[in-house]
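As structure tokens, here come the structures.
Below are two complexes that have chain A in common, paired first with chain B and then with chain C.
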Partner chain A sequence: MTMEYGGVWNGCLEMNSRQVIQLEFFLEAGDFSTAGEASSQIKRILQQIGVKAETARRIAIGAYEAEMNVIIHSLGGKMRVAILPDRTDISVEDNGPGIADVKLAMQEGYSTAPDHIRDMGFGAGMGLPNMARCSDEFSITSEVGVGTKIRMVIHHP
Partner chain B sequence: MLKLAEVNALLCTEVLCGQENMEREIVTACGADLMSDVLVYTKEKTLLLTGLTNIQVVRTAEVGDLMGIIFVRGKRPGPEVIEMAKAKSIPLMLTELSMFDACGILHDYGIRGCVERVPRNEL
Partner chain C sequence: MTVGEIIEQVSLTVMAATAGLDKEVKQGYVSDLLSNVMAFAGADSVWVTMQGHQNIVAVASLAGLSAVIIAGGAKPEDETIAKAKQEGVVLLATPLPSFEVAGQLYRLGIRGA
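The block that comes next holds the complex of A and B.
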């Protein structure tokens, strides 16, 4: 996983109403040793700029589930995060294989994860529903053979 | 409510890291090997009891703001797991008790689960 900072963030973690912190993380398929590092960094930044603990927790959980999904199921992808004063906007895009039946995949307990993923405590079919639960706005689009796109927006109260 | 130091005494744990955080207080606990469920159902101020010893357990505790992790049935995590937990200030403890007995003892002392009930799935 690599990360790039862009936008107007210059390392100063005091935000005014027009600032945005933009982060980009590249997620490698099957790289379980760094799975969760992106979420961890996002959470640390949210804490530093004073986002409420419960909100930061929801954002980190949604991001972590998304990271795990890309690492488990896809051929790799990236996560873009924009932290604004009033919300965090997370976009995740991966490369193939895509999801044939998104509605089915959104059902709790539905999973296509192999046993070695279940042995790690994941792949129980809770990831997508949990992402939706953590988000104020959630959308997913997927094309078989191309990839899946997910967007999560969480408001900062 | 119990301090981690009290939990350690009750469950005869070995502290693997985070000795400096034993004054942390827990209100609820979660016994699970399914990290997805932990992410869905736990609240903050929660202690995790698990039989899994991989790095994802520490990640889950980090993103979920958990107060610490107890490995049950004498399961010992590898050094890389302990190193990561140290870096993230997540206390790790090990007990020789089973999951059932460890949870039962904490329940006797007033610690409860994070959710009382989860509505049944309708197929």
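The block that comes next holds the complex of A and C.
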């Protein structure tokens, strides 16, 4: 995973109403050693700018589930995050293989995770439902042979 | 009840505790499935699991859990311990099976999430 900062974030983590913190994380397929670091980074920033603990937790959980799905199920991809004063907007895009039946994949308990992945505690088939539950707006689109796109928007109350 | 008080009452080996011994434990949860923990453990839970893989540290930290107890004599990997120290996640271990740990926590007044 590598990370880039962009946008107009000045590094002092005090946002005025026009500021946005933009983050980009590159997620490598099968890389379990840095798995979760993107989400941890997001959570740290949210805590620093004073987003409510309960909201930061929801965002962190949604981001982690998305991050892990790219690492476990895809050929790799990236996560873009925009932290605004009133919301966090997360877009995750991977390079395939895509999901043939998105409706089925969204069902709690559905998982194609192989045994060695299940041995690590993944594969409950709850990642996508968790993302939907944690988000105020959630969308997923997928094309077999192309990739999967997920968008999560969480409002900061 | 704080994490430190739980360590005093239940026989647990401290694997990592660079921070968080004074954290309040509001409830408990037992599961070996990470997404299931993310969904149901609730903030400030003590989590009992047989997973020793390093991913448990990210789960505990992101979900805001108070402590992780690795039960049943399962061995946390070296990376798990290193990461827990780095992230300030309290990692505890015991040969007691998960059921036994949950029972002892319940007797101390901790209830399910």
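In this section, the second predicted complex is superposed on the first by the 157 of 157 C-alpha atoms of A that agree within 3 Å, B and C clash if a C-alpha of one lies under 4 Å from a C-alpha of the other, contacts with A are read in each partner's own complex, and residues count from 1 in each chain.
Here is the rule we go by: a contact is a pair of C-beta atoms (placed from the backbone, for glycine too) under 8 Å apart; a residue touches a chain by one contact, two chains touch by 3 or more.
The shown structure was predicted, so the numbers you read here are calculated from the model rather than taken from an experiment.
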| item | value |
| --- | --- |
| When chain B and chain C are modelled together on chain A, clash or fit | clash |
| First (chain B), second (chain C), both or neither touched by A:T141 | neither |
| Touching partner for A:F122 - first (chain B), second (chain C), both, neither | both |
| Touched partner set for A:Q48, first chain B, second chain C, both or neither | neither |
| Which of chain B and chain C A:F32 touches, first, second, both or neither | both |
| Touched partner set for A:G109, first chain B, second chain C, both or neither | first |
| On chain A, the residue positions that both chain B and chain C contact, one per complex | 32-33, 35-36, 39-40, 43, 53-54, 57, 60-61, 63-65, 68, 120-127, 130, 133 |
| Residue numbers on chain A that touch chain B, as the complex places them | 32-33, 35-36, 39-40, 43, 53-54, 57, 60-61, 63-65, 68, 108-109, 120-127, 130, 133 |
| List of chain C residues in touch with chain A within their complex | 32-36, 38-39, 43, 49, 51, 53-59, 61-64, 79, 87 |
| In the complex, chain B residues that touch chain A | 32-40, 44, 50, 52, 54-57, 59-60, 62-65, 88, 121 |
| Chain C partner contacts - residues on chain A that touch it in the complex | 32-33, 35-37, 39-40, 43, 53-54, 57, 60-61, 63-65, 68, 120-127, 129-130, 133 |
